[in-house]
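Note that the chains are named A, B, C and D in the order they appear, and that numbering of residues resets to 1 at the start of each chain.
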């Protein structure tokens, strides 16, 4: 029978997280972030964390909550705008920041989960990102060697999950979650709806349960919107 | 002189039926508004959607459906969602026919800088480095000069680079410029803008043909 | 609006296939193979083909049909048992064969589609597969450098598809199809059911339409089973 | 002496709750039949399923649902399908706790050969090279000798290798052998088999402890 990954909640799910660890956190902006796990990390008061996440949240939400408490010593991200406290800590030198092209970040996480220690990509050639990295031409075009990323814990957020750890994400809340799920030594998945094994269609699963060590149903999702852009219901538009 | 929507309108004319197009944040996002009705074009947003549609109607916003600018959007019929690794597989693998993005500086050798002002502003490169390193066809959409009136069309970039030798065409509020042979070539003037005004606003080497047509913007 | 990839049938879909080309063909054994496209390739009498496919079919089905007609000059595969004519042509030297570990084959196709020219893998280190390839240690473990694969045409088979080229595979018929769809300069998808754009749930699509240049609804699928293994309805089993 | 099912039964004892297991073609496939009811174990088949179940009932065969041996199978509750790249991401990324596979030859340094007899038989390595290069825990299931009575447990492999120094344990019709320090260590005798018979059938260096227990096969 399937291997059950279900735990009671964020507290059990975060058991073993220690100061000084490297964590991956899924999400793009505030979309698809593991809200409940982040809340638990704040409560645990763990610090000196290295966080691998495409973004750093906003001042008062997402990873911004960990930045406020000075729990993060290093961020590995592709884009960290939208966060004044982040910019302050970075420019003052309190926070170490490693900025990586978004596609390389995604692929490095996937490589970490897939047992591929390194790969070549054209992204970043000729820029600061290439400093200290091997450059090699393929078909006459220069590429740089990028290495795999892994983490002690990966925290991901899905829409639905089953007790076997299988995950289905919703729309663009998928983003970095599947690759980070692959790359965590311990991957914690929080889901809006946790269902028994056998409930999800095996053809529609985005992250196979083998990549997930713990799963729980989160509570009180805020799912904050960063840029609420709408069309008026009165003015028709073909935009 | 064009406003931001004018720049977007002009760039929309570059798009051909059957193209997949990645639009960056800012002016590039506006390009989607000027695609002729019924034209077969799909917009990719690198956070994980192909077939991006317009902003949702008031009240229909979904926190789980955004574009790379973190704006709430909708999905068109035929749309598809995917993860970030697959998204950049599309980009790096050159399955996207056109990339439109903004810039702080563009150089006459095709270099572009748009992600960092050392010691002052560090937002990060996001997906821009992957896009410019991979795309065959890159159009930069930007204002010709910065707020201080200084040219952003330069002999060489002064800011940290996003990519080297990659920009083919620049559309600004003043002109359409092509980059080839290590120089800018003036292709079109914005409506009401003279060649002299463009020369004055351009710091990089600018090659001017005998006749410089005015853009046609509908 | 979405870009339509729909064509009338296998004849239109195969337009432009020429002798001497490199083709990718999805499937594992006879499961998930592009039956209609293979039939068309036989009819077209193109030859000197290099075929990238995990297997080579059986004597009278799948790629075996192209082997019978001597249309293939080189196979790039991981496993070519179950085919006597194949073995005869290979051992006699009529057919060139490049055998590749299955995981490396899958990843090399993905890399080809994803713009990654090369990557490191431990698979094959110390074996014939590593001959002539760069070896490098990562974390004290030797890896070999493997390069991307692409093809002039890729032929894939899906369960459902829409006119925008989005594909959904069924069960283990997915196998190599998604990576090969990514890696073909022209990717031809044949599907059991072709539906209008907007019919498929965008959250449940396996291959985004951007990877597919032509799609058609196939006819007369045989879907042959290689090893029909069953339990008797009379003897209960916990196997 | 064990038959093929006996070998499978003995290997099933090695499997712990919570493990993902990849079973190769032949004897390894039989291992799934001997997992205790209710034990949390999932079988991966590298063609793209996790949670592989038993053969279908007559008439329920589905051509789209097979294992790596091309046999029709079923899916257990909690199963999931995926593509070949994802499948080998699981394998290469060491998410699978145990690999059981067959072999033509095993050497005392842990080398394994199972894919090619030059000039005679070339079926290909399939997924075996990825599996043996990646797995931390590899058990070989095979007959101790070939049909000609020659030992397959050797000082060094004579056939082209599948992987180097990777096999930790071998379960045959005669014995359980552990590989460490460049030698085979006799861990268990098959029921009714003497140490002398095992010595006679083993060509590689075999280290024999004072007491060699007989396997317990239920």
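What we mean here is this: a contact is a pair of C-beta atoms (placed from the backbone, for glycine too) under 8 Å apart; a residue touches a chain by one contact, two chains touch by 3 or more.
Nothing here was measured: the structure is a model prediction, and the numbers come from that model.
For the interfaces A-D and A-B, the C-beta contact count is higher for A-B. Separating the CA-averaged centres of subunit A and subunit D is a span of 36 Å.
Averaging Cα coordinates per chain places subunit C and subunit D 27 Å apart. Rounded to whole angstrom, the centroid-to-centroid distance between subunit A and subunit C, based on C-alpha atoms, equals 32 Å. Residue positions 49, 75, 81-82, 85, 88, 91-92, 134 of subunit B each touch two or more of the other chains.
Annotation for subunit A: residues 107, 110, 114-116, 121-122, 169-171, 202-203 touch two or more other chains.
Arrangement of the chains shown, judged by which pairs touch: an irregular graph that fits none of the line, ring, star or complete shapes.
Contact between chains, per the stated criterion, is found for A-B, A-C, A-D, B-C, C-D. Across the complex, subunit B meets subunit C through its residues 17-20, 38-42, 44, 49-51, 75-82, 85-86, 88-96, 134. Per the touch definition, subunit A reaches subunit D in the complex via residues 1-4, 110, 112-116, 162-164, 166, 182, 196-198, 202-203, 205, 208-211.
Against subunit B, the residues of subunit A that register as touching in their complex are 28-32, 54, 77-82, 87, 90-91, 97, 99, 101-107, 109-110, 121-129, 159, 169-179, 206, 223-233, 237-239.
Those residues of subunit B that touch subunit A in the complex are listed here as 32-33, 37, 45-49, 54-73, 75, 81-85, 87-88, 91-92, 111, 115-116, 119, 121-130, 133-134, 160-165.
Across the interface of their complex, subunit A is touched by residues 107, 111, 114-122, 138-139, 143, 147, 168-171, 202-204 of subunit C.
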